[in-house]
Every structure is written in C-alpha cells, then in structure tokens.
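Next come two complexes built around chain A: one with chain B, the other with chain C.
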Partner chain A sequence: MTGTSLFHEQTARQRIAAVVDAGSFVELLPPPERLTSPYLAQLGIPVSFDDGIVIGKAKIGGKKLYIAAQVGQFVGGAVGEIHGAKLTGLFKAAARDRVPCALVIESGGVRLHEGSAGEIAITETMRAIFECRAKKVPTIAVIGSDIGAYGGIGILSTCCDFRVMTEHGRLGISGPIVIEKWMGKKAYDSSNRALVWKTSGGKTKYLLGDADALVHDDAGAVREAIGKLLAKSSPVTLKNAKARQAALAKRLKRFGKTENPDDVWKGMGVRDIAAASLASGPEFVALAKTGRK
Partner chain B sequence: MEKFAKAFPSKPLKNTAGKPWALAGVVGSGNLEVLVERGSRPSDAMECHIETSIPGYKASWLAALADFAHHYPAGGTKVTINDQGAPPVLVTLRLRQAYDHLTKGEK
Partner chain C sequence: MGTAEIAVRRRNKSERLGRVGRLAQGKFVSSKNVPDLLKRIIEPGDILCLEGDNQKQADFLANQLASLDRKDLHDIHLVMSCITLPAHIQLFKKGMIRQVDFCYAGPQGTAVADLVKAKKFPVGAIHTYNELYARYYIDLTPRVALIAAAKADRKGNLFLAANTEETPAIVEPTAFSDGIVFAQVNEIVDKLPRIDIPADQVDFVVEAPYPMHLQALFTRDPAAITDVQILMAMVALRGIYEKYEVQSLNHGVGFNTAAIELLLPTYGERLGLKGKICKYWMVNPLPTMIPAIESGWIERVFSVGGEVGMERYTAARSDVFSTGRDGSFHSNRAMGQLAGHYAVDMFIGASLQIDVNLPGRKLVVQLVETFQAGRVPTFVEELDAQDPSIKKALHGVAPVMIYGDDVTHIVTEEGIANVGACRSIAERQAAIRAVAGYTPVGLKRKKRETEELRRRGIVQLPEDVGVRPSEATRSLLATQDIKGLVRWSQGLYDPPAQFVDW
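What follows is the complex of A and B.
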C-alpha cells in the first residue's frame, strides 16, 4: 500500500509499519486466522479479518514493544468482542513479559451491535493496563486521527501511563453529536469543527495536561515520542491519584462555567490565540510553554 | 448479505517463495478488503470466496474475478473478500494491490 506520511491519513497497518523499526512487526492473530465477529455476521453487516484491530510485537529503536492499531474505517474502530479480546490479550502479554505496550487509537468506543461484550472487553483491558502499571511496564496511548478516542476508549486511553496526541486527535467521553443531542445546538454545535477541536482536540488536551506530548501529524514524530516514553512509567499511587483529583477539581472550578474555549487557552497561558491556532506540534508546545505547569 | 464461492482457471503463480499472504483495503463504506493466500489447490486455479453486503451483483463479481484470473498468473491462490459496497473498479484495484503485495512485497 503506497502511503502518505500524514499520520491521520494512514490506515492502521500503515501506521504500525511507519512507526516501528522497518521489518520488525510480527502480527499476532493475523487476517488468515479469520477471527471475525460472530455478531456482525448475524446482523448482515460485513465482517473484517482482523475485526478492526491490528496487534503484534515490534521494536522501536531496537527496543521491544507490543503495539496495536485500531482500524477507524471499520465500524468507526468500535470495540466488539473479538476486537476487545485482542486488545485485552495484548496488554496482558505486556504485563506478563514486562514489555511496554502502545495503542494507536481510532475509535468511538464500544461497538453498539455487541454492546455488553464490548463493555466487558474494555473493562478487562483497563484491568490489564493497571496490571502493567503496577509492574511499572509503560503503557502509551497514541491519539492522532480525526475519529479520536471517545466513549470507553477515551476512558481507557486515560488509564495508560502516557498519551501522545497530534492536533488531529480528539479525546473525550461523549462525542460532539451526543453532547449536542443532550444539551441542544445552542450549548454545543457539533458541526462547528473549530469549536469541537478547541474543546476536545490535541492542543487543548495538551494544555490541560491530559496529553503528555503533542507532536506533528507525522509517523516519524509519533515514533520519536513513543521511543522517548518506552523507558518511563507513571506510578499509580494514592498520593498521585489524590493530586490528580485535586487538579481536576481546580480545573472544574476555574473553567467549569467558561463558554468560550479561547478563554481556556488564555487561562492556560496562551497569549497569542491566532498564532497558537495555526501552530502545530512542537511549535504550539513552545507557544504554550508559559502556561502549562 | 450475499455469499458465494467459485474457482477460476489461472496460470500458476510464478514465484512460489515469498510471504504466505497479503491484504489490501479495509471494510468500510464503498470499500472492501481482499486477502490473498498461497498454497491453494489446484495450482492452475484461483479459488475465490466473496461476502458482500450488497446482494444482486453476482454476475459482475464473477466477471471481474474471471478477468483478473485471466490476466494475472494467480493459480494456486485463495482469494477471500469482505465487501461493503465497493464499485467494480475498486475491486479490480484491490485485487491488484493484494496480488502485488504477495508477489513483490509491501509498498
């Protein structure tokens, strides 16, 4: 598959190939295994050989890691039973072998056609992620596609040690259309792309500390960011959890009533909103440096 | 959903070594995925399995696959397709991509 180097335009398989050391990727449960969804077939919806997720072993800069990438084009990258089982198994293997695990996310959350199975799979994956974290095995979520990380996958991404985002990535629980349906178009207009990205996009998530790295929309930049995080871990302790809780309470108090996302950017120390809107990856980080503690 | 299978006469694959399988495309609206695997018998036929969400186009499918089997030495391969309404030109393109990956390696 001839590929573009823009990360958000690549397919899951292209992303993995572009991010890891050349030729190092060994796929687990590859397409010839035909591990497809039994539910979609019953509903008359076409199945996919990999059930929308590519998992395997690879190396970055010679260091071993487990890596997975979700296929956003296939039912929105949503998590069904097989998809979820592959994800859970990969993180369990990472904990067992004490090898870091990276997940390239492109998913709206649970696949509604197989709801309960998907929900259970996501919680089991979270458990496996915390097993990794208890053993200080780094877990990294990469969010760099327009579909982003929403629903259960949005929550799951925040269970990982670190999140790497690009300006294309979005992170949240309820998606923009869901929020609009509940709150009304006046409160949140999901067709306003600038508003949607300024509230849930990579730049804002980086400013607020939900993303640990903001990089260019480029596989090389993502690779470099993952490489830097492979030797680090963020311990789960009561002290850290309490500090995080306090920071979130402070954030809610400070920005909970804010109606214009620009005010959040200003509040986080971005002086030149126009310049920051046009800046990408490291350039944005440099502009935001003063605000982010 | 419509499901069918058929084998088409085709000259044997030229190189017998190389990767055992190749995949092209994804299952998405107006798109399809094509998996081509080596080691199918007999060596002078391309074995095809199609599953499509749009019923009623079997004749077009068989014509596109027969044409591919005629123009490319694909004997001894098993082609499995998951389709979500791809147009015929895209079917031919994905077949060629998967075939190229199998015989020449990815990219």
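What follows is the complex of A and C.
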C-alpha cells in the first residue's frame, strides 16, 4: 500500500528501464541523432530529438526483445512520419531477426500536423507487425498510460498478438471527447471519468477479451506479463479471423443496446461491481474469472 | 424614556410576522411562496445575513432573493462571509445593496472586481470569519438571516449534518436579538438524527426544491502532488515539525500540506516521529489525512466544516473526529477558527503572495513554492493588495490575509527562512530573498548574506535539515491517487464523482 513508482506516471525511458533487465537496453536512433519532424519545424512548432518515441533492443529474463515506448509528453505521443518510421523499422527488424517486439503505448493516434504521413506510417507499421506474426514472432502492446491507445494506435495495438493492460490504460478508436461531440453529452459524458474508464479502461477490455493480461500499475508487473508472452504467438489464420468476427458480432448483439457499463460487467459475470471497481490487476482478474471463462 | 420606547425591535418583529399571513403554515413555507414571504419580512435598511461560506450555501434562498425587484428590496446592509454565487452578484447589479460587510469573494472574485470598477460594490469592511461572526453579536446583528440546514422536523428543529459550518454563529445572534431566522432545508422529516439548532430559534422553514450547494473544496487528489511539493513537505517536516516538536496544529488545505499528511506514514515513520508530533489537529476532515489516521498518528481532529465523501469515514472514526449522539460528524466554523487561533502550536498554510517587508511567537508558517501556476512569482516587492487602485476602490482597505508581523517561518523548495528570529527589517528581507529562488525578489539575494544567515540558522537549506532533494519523489507518498485513499479507508471514504475513474 505504501508508494512505489506507478507505471502510468513514469516517462517512456523510465518505463523501458524499469521493464527490461537492468542495463540491457540499447537505444536505436537516440536523441543525439536528432531525427526530428520536418513538418513541425515548418509549422514553427517545437520538435523533439526522438520525435516522441524511444526504440531499441533489450533483454527480459535474459531473452532478447525489441522494445519501443511512446513519449506522451511530446504532442500526446502522436504519430508523425519519423515517429512512425522508427516504429516500422523496429518491427521489421524484429521480423528479420525473429526477436519478439513490445510496444509501450501512450498515444492518441496520428499527429494532426502531419496527418497523411502519420496515417501512412501507421499502416506501414501494421504491415510490419503482420510480417512478424506471419513468422510467429511475438508482438506485444502494453497499454497503461493516462493517454491510452486511441485512433490509429488503438487499431495498431489490436494488430499485435497480445495486449497487456493496467486499469489506467484505455483502448479505443475515438477518444471520449470526440464521442461526446458526435453523440452528445447525454449519450456519452466525457467528463464522467468513471464512465470513460468503464467503457474503454483496462478492466473492461480484459473482461471482453480485448486485453490478454491485466496487471498492477507497476513496471515489475508489466515486465512479468511481457516475459510470459515472449515465447507465445497468436497465429493469423482465416479460421481465427472468422472466429474473432463471430465473437465480435455476438458481443454487439449482446451489449449493443446496453447503456450502463456496469451491465456489461454483470453480463460478463462480475457479481460484486463495487469490489471489482476498487480491485486492481490480478485482484480484478480473480473476481472476473467466472465472467471471462 | 417612556414605556412606549420599550421593545421596539420585538414589536417590529411581530409586525413582520403578522404580515406573512397565509404565506406560511406555522413555520413552514412552500417553496413557491418564498419570494412573497421575503418581501414581507425584509424591510429597507435591514441588516440581512445570507449564509454562505466557501463550502455551504443557502443557495435556494439566495436565488429567490435575487429574483425580487429593487422596489421590493432596497437599502439592504448585506452581511455574509463569502460572495460565492451568481445570485449574490445579482443583488448588487439590481442596486439592492446599500452596504456589504464580508470576508472574501471566492469564485465570484472577477465579478466582484467588475462591480468595484462600476462603483456598485459599497464595501464596509473586509473581515476574517471570526471578526465578522463577532460583529454579528455587536454592531452587525442581522434583522433577517437566511440559512441552510440538511433537515428539519415538524416542529422546526434543524439538523445540520456534517456541515455545521457557520450556521450557529449566524442563528444565535439573530435569534437572541428578535431577528428572523429563515432556513432552507433539503428535507422535512418526522424525526431528526440529532438537533443542532432548536426550533425555538427558527422562524421559517422551506423545503428547497433542490439540495443546498455543497462544495467538495478540500479534496486534494494525491495524483496532482508534485515532486517539488514533496521536497517542501520534507523540509517542513524536518526543519519545523520535528525541530519544534509540533503537537497541535492548524493545517492548511492545499497540496503542500496534503503532501505533508501523506508523508507522515512513510517518511515521518522512518524518522521515528510517530507519537512525537502532529497529534492534535484543527482542520477539515481531509481525505489525504486518512493514511496518517489509519496508521495511528492522529489523536484528535476538530473541524470548521465537513468534506463531501468523508461522512462514513468520520462516523467510523469517532475517537478522532467530533461526532454527535447519532454518530455522525459535527463541525463548527466559529469555534474551529477560535481553536485554530488559540489552541495550537502552529498554523501552517499558503498565501498567494508574500512581500519582502515582513517586519517578524506561536509558529506561523507559510509553505509556498517560489513560483505559482503560470510562472507567477510568489515573492513580490509589494503585494497587489497594497495597490493604490485596489485600496481606493475598497475605501482604504488593503485585503491582506496575514500580516508579516505574524509570520515566523517561510518554507519554500529552496529552504526555510526563520523570519521570526531576524534582528532587523533588512535581515528579514535577506532571509526571504535567500529562499525566494529565481523570482525577481530571490535574484537580488547576496551570497555572503545568505551564508551568514545559514551560519546563524536563520536560513536553512534542505541539506541543513537533513533532506536529500533527490529523495523527494512521489513514490514517497503513502498513496499516489484517490483510489489509494479509498483503500486506506477500508472502503469508508466515498470520493465525489469528479474524482472517481474506476
């Protein structure tokens, strides 16, 4: 109960350092290389020497992996051309070397200042992810920051084999404010934090099967979850894709008209909503066991 | 003096009550009759008290008052602690107010500034809470007081729940001077949990169509506490709390002091200070105190008001908090302010600005960062409050909260200035400069002066009190978020919705 460093409060570099074996991280294209966004420079907006993403190679439990972490403090971790190219290259290297690749996400998606370049970069990264998956090289998305995984990055995270989430992490396409803008405050009140987290937060995503692991808001727990997934992969086959489609259609039919997120939890077998709301990581997993089958 | 002059006030009160007629059934008024009733019980020239401090507001009655016209309500001498609601501003805009005596403007600060500029804010004086409450008994006794309570019974007894606040301080002087007390309540019930104000002191009761406004004002989310605030908290703990073995204190309600509360069970425990300091508190039931209470640091807390969400927790910790016969929390603003003034070793809090002319007995500690939000320096050569235009608009009143004479220590992230121990104004200025960091005031410091003051212990840097700045991180807090407070409380704390993300 007494404090430790919380994963969602750490910076990208702190997260990587805390997740991988001590001293094992070697950053690729580090800030001294000064790979910065040409678009932001043209617009007179401050640039960052890493363009908002840290990439490199490291080890977890002695096993090699490629790892990237987005820098939420820089333009909300949004993906521009350079940022996306670094990420694409990392997944390509992972496919080439047959070394697992993990991405610690903190991003609302494409950087608006370089929209087209960012969109293309994200699709290129997705292609690289599928290259990995075709070779059964594990790809893991970690979603545990305040910003979450939204827009193109939300989609990209679902292209990976596995998603590790904390209760702070959120996963979706449109962010809460955008949904409220289009659907109205009555349909979705983005200032209702409990509603936002109960619809897109880690716990709900775990219940629905969108997240494969739900862990404490702690780098050690994230490390352990990644470690367990390094030797696994989820093959991309027509059969799996069809099964997933069917499962999603069933989910829509079941919960499509549900207005209170607690009813989704109840529908997934959570009995004590109050206790489950307070529970974190594995405590929640234990309470949710029956629901997630 | 003939007998005809006797009991004018009492006769006047019965005339007013007589005018009410069928607008009330006994003491009870239906909400739609309130505007008409107000017209009949308030007279031009009245001292009118409207209950409302920084937390609790008689907002329904204020809104009804603001719906009246100037012909119905004018030449009013308004007395109230805090100008908080748009309805309060309306009273001035409509020209109903002849004079106002108050404490501060709170959320309506900008609107009040506009009224001042438009010469529509005829201020008498600006008070501390207790100055104003004291004057209610002497020269500012209300003829009519509009107050707020949680519940009334069928006789008109009132239950104030956790937020007793200033209600007794308003009701007593009014009721015992033939004034009229009119209460809005959230609910009328057959039996009250406990009686806080006897029906004998209440003239009218209305069940308001909406519950009174109650601000969750002192809920500090640990997630928003910064490393710099933690550094200041460590410096204050070692350099002040530990050094002077502070037993009883009047604690501030900002993030700085919240950081201290959250360090007690971790850093404080490690320093072996448990049971030696911080046993008796005058402060509201702050959620950030939960870990220290649960760890057995705190023996007693008395409060000027409640805090939304702390009802079940305070009821369950009746050894620590003041609770009524019904088991629920009790507070009292006037008595709490007195206790916080006379019964403590130390007052610690934060002001918006500190000027360098602090001329310097009980510990009065100012805990401030050198810069505030938006890079506004905390340390200035002259307070905005001394600005001639402000003074002129307020008829010569400078709204200074705490005078320098009263301050003994200033703590910033740079260190501690023991201004109380300074021998001269010049020395005091040098001590303040030494801890004023990179503000324009701080940049004027001279190294030699600072070193001399350090040698004499008047200025102490973090290392002088055994604090390593590199250790000042959020991981030192007993919990880093609101959910952690709920866990520490064993599920007894119910945070307001805006703080809940689970």
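Before moving on, here are some points about what is shown:
Everything that follows uses one rule, which is that the second predicted complex is superposed on the first by the 289 of 293 C-alpha atoms of A that agree within 3 Å, B and C clash if a C-alpha of one lies under 4 Å from a C-alpha of the other, contacts with A are read in each partner's own complex, and residues count from 1 in each chain.
The rule we apply is simple: a contact is a pair of C-beta atoms (placed from the backbone, for glycine too) under 8 Å apart; a residue touches a chain by one contact, two chains touch by 3 or more.
Predicted model, so just to flag it, every value in this text is computed and none were measured.
Contact with chain B, but none with chain C, is seen for A:F49 once the two complexes are overlaid on the shared chain.
By the document's definition of touching, neither partner reaches A:A213: not chain B, not chain C.
In the superposition on chain A, A:Q73 contacts chain B only, with no contact to chain C. Touch criterion not met for A:L87: it reaches neither chain B nor chain C. Of the residues of chain A, those at positions 1-3 touch chain B in one of the two structures and chain C in the other.
Listing the residues of chain B that touch chain A in their complex gives 1, 20-21, 23-24, 26-28, 31, 33, 35, 37, 51-53, 80, 82-84, 97, 101, 106-107. If you check the complex, the residues on chain C that touch chain A are 223, 265-266, 473-481, 483-484, 486-488, 491, 497-502. Residues 1-3, 11-13, 17, 30-32, 34, 41, 44-49, 71, 73-74 of chain A are the ones touching chain B in the complex. Interface residues of chain A facing chain C in the complex, by the touch rule stated above, are 1-6, 9, 167, 191-194, 196-198, 201, 277-278, 280.
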